[in-house]
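Have a look at the structure below, then the notes.
Chain lettering (A, B, C and D) follows the sequence in which the chains are written, and residue indices restart at 1 in each chain.
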Amino acid sequence: MIDERKLDDCSNKIKVLQATNNVRELQTQIRDKTTARDRFVFAADRLIRLTVEAGLTLLPYSEFKVVTPHGFTYEGLTHQPGNCGVSIMRSGEAMEKGLRECCKSMRIGKILVTTDEETGVANVCYLKFPADIATRKVLLLYPIIKSGDTCVKAIEKLLENEVPQESILLLNLFATVEGARCLSEQFPAMSILTTELSETDIPTNFGRRYFGTD
Amino acid sequence: MIDERKLDDCSNKIKVLQATNNVRELQTQIRDKTTARDRFVFAADRLIRLTVEAGLTLLPYSEFKVVTPHGFTYEGLTHQPGNCGVSIMRSGEAMEKGLRECCKSMRIGKILVTTDEETGVANVCYLKFPADIATRKVLLLYPIIKSGDTCVKAIEKLLENEVPQESILLLNLFATVEGARCLSEQFPAMSILTTELSETDIPTNFGRRYFGTD
Amino acid sequence: MIDERKLDDCSNKIKVLQATNNVRELQTQIRDKTTARDRFVFAADRLIRLTVEAGLTLLPYSEFKVVTPHGFTYEGLTHQPGNCGVSIMRSGEAMEKGLRECCKSMRIGKILVTTDEETGVANVCYLKFPADIATRKVLLLYPIIKSGDTCVKAIEKLLENEVPQESILLLNLFATVEGARCLSEQFPAMSILTTELSETDIPTNFGRRYFGTD
Amino acid sequence: MIDERKLDDCSNKIKVLQATNNVRELQTQIRDKTTARDRFVFAADRLIRLTVEAGLTLLPYSEFKVVTPHGFTYEGLTHQPGNCGVSIMRSGEAMEKGLRECCKSMRIGKILVTTDEETGVANVCYLKFPADIATRKVLLLYPIIKSGDTCVKAIEKLLENEVPQESILLLNLFATVEGARCLSEQFPAMSILTTELSETDIPTNFGRRYFGTD
């Protein structure tokens, strides 16, 4: 379900959702500037759910024996407790619905990074994390990585709150190679899962289209 | 996302959803006789959606160029029109919600196969198909394949309605090897996608638990 | 939220959802022959949810004291256990999703009534009820009442299974005055909740449009 | 569906959702400190949807004639275009899902008001509105009104962006009488719809419980 891609000069690997036909169709609908908004939202929600499900495979599981209705023992799996989500506002919030549809009761924190329109400097101006976030695996939600600056600020805040890099899985829909490399270099122990790495053109208006504020 | 498994004496291949950890956890929750009903339904809905998404990758797509908001051309994909769903009552109806969540407007037909409790003979006693079903690809929905008899009756009705075997994709959650082989032998050109093949113990009470009529 | 309407010659009352503007808009979209199918389904789901919520107000509740996070006692309500849904196939199944969205774990039985195309006689050819249905309140789901024959057959089966008339609440979207009167006369202790009573023109193609089998 | 309540010294009226049994049960579950989080979220989502549906009845509609599949003319209604949602972060975001389930494609803006923990002063530190918000009706989403300070800040920003008071409908779940009076006095032409007015004890932890950051 996941391909791994080694960027030349990175110490770790970027994981990319397998480009099956349904995934490619969803990416196409999201990129198409003529897609009507309700169809855009539907396609985005599907792609986000597929990304979340693939991300869940990367979290730790334990063996778990259960008894079936016919009385047989079945050697199954259960996820280890202690995961949470953190969405980077604003576009990361579009991924909360998909996360909730796969993990009904997962705690979801939030962080707001704004970019100064003149200087281009990213700045954290709000955050709300689960109290015990340092002990949790964190699914960090952000759909579009261009330069990566916004994610850098958010990740720095997680680290300040004593979340180890190893505990962070950044779930992303579209990333530039440059942005992914930048994050990968700065946070080599963090995992990144995306659905597509591009040289240049990524749907930077994703959040505005999803919420209709374009 | 999909593994292929060659049954010894079958001419065609059974496709099996890759047994990633999240898939295995969902199978475990569905098999566990102690799972509460709302959790059972939530796990079933997730596994069904994953099966539907994997099934959609097997349908035909066409190349589709779109223009992005930045004015670039993107070489994408779009599914070919002319698909429909058919659920085999009653347990197949549990899969309609997941189908709808991936294919919002897909037409969904229905077929009721009942089994005589004394003779064990399966019998079709109701069907409602889209008028032009013979020209459509059919996602046939049935979660549990034990002997395969129920599916055989349903597939025969599709063939009577001039749907070619090649146009049928049976989406299934749990199958016995024997049942899958039986279907595969009788309908060698039909595709089957399941999440798990077992020697014996499969959750035959799936539909009753999903709908709460156990 | 509910208006009551006394039909001239009926002993009991038909309850009608208050015709607020949003309800009337949904009825308009469902009646409009030009409404696209995904919009039709969306409007139907909203109207069904409103009908289910209004229906839930008619079931029995008990006083229920709870303690708030601030330590105060709050005199609240809780529904009495022992309700279930029964959908009359096929169009009644369109109401299952809305029922589930308001009552996550409610058990849902099913009954298939077919009409002989030559004689016009309605006939029950399949049913699956929760085992203890005689002790439950039954939300009977059927969106379109024209002559009422289909509902009569279904209700007779409930009575055969020892469900008292008083325990049945028929949830309906569109009914003819004649059909509603017929049901009301035959089953005077049963409750009926609809969103609109019409002299003649009701959207009899509702189920086929919802499922796309027209 | 809606009751009106005149506060003694207010020039306008506060609208309160009718306290039917199902509404009271949902309020009880949300207030109950022992409610598990997935049940809390389910109850909140239902109550939010009922509030949104009731709020939609207060927006402007136009007469709209449609032709039914049987060829009859039906005198219906359609809502006037030009509505949008604005959620006040963070707890107001919990109401976005319910808004989306009733108004699939509605544009949703956002405003972040933070409260200085030392001085208690509320401050707007982020906002994102649809470009043409001044010409739209605004469904302002905020579930808990205690002092009303947070809403005051948000409403002031709407007014600065030239949204007339008359165009604002504040959708709320729980309000103190004092908070509602404060808003009503300051913005007499704005509409407020809530599900419950209390003297003191309101579930101020609503947002934290909904998102699991308590």
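The rule is short, and it goes like this: a contact is a pair of C-beta atoms (placed from the backbone, for glycine too) under 8 Å apart; a residue touches a chain by one contact, two chains touch by 3 or more.
Since the structure is predicted, the reported quantities are computational estimates derived from the model, not experimental observations.
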Which chains are in contact with both chain A and chain B?
none
Give me the fewest steps it takes to get from chain B to chain D if each step has to go to a chain it touches.
2
Using mean Cα positions as chain centres, tell me which chain lies farthest from chain C.
A
Pick the pair from A-D, B-C or C-D whose contact list overlaps the A-B contact list by over half.
C-D
Cα centroid separation, chain A vs chain D, in Å, comes to 30
Could you please state the distance in Å, as a whole number, between where the Cα atoms of chain A are centred and where those of chain C are centred?
41
Among chain D residues, those touching two or more other chains are 38, 104
Based on which chains touch which, is the overall arrangement a line, ring, star, complete graph, or other?
ring
Report the complete set of touching chain pairs.
A-B, A-D, B-C, C-D
Touch list for chain D against partner chain C, complex
1, 18, 20-22, 24-25, 27-29, 31-34, 42, 46, 49-50, 53, 56-57, 59, 61, 64, 66-70, 72, 74, 76-79, 101-102, 104, 200-201, 203-205
Of chain A, residues touching chain D in the complex
36-38, 41, 84, 89-90, 93, 97, 104-110, 112, 114, 125-126, 128-131, 211-214
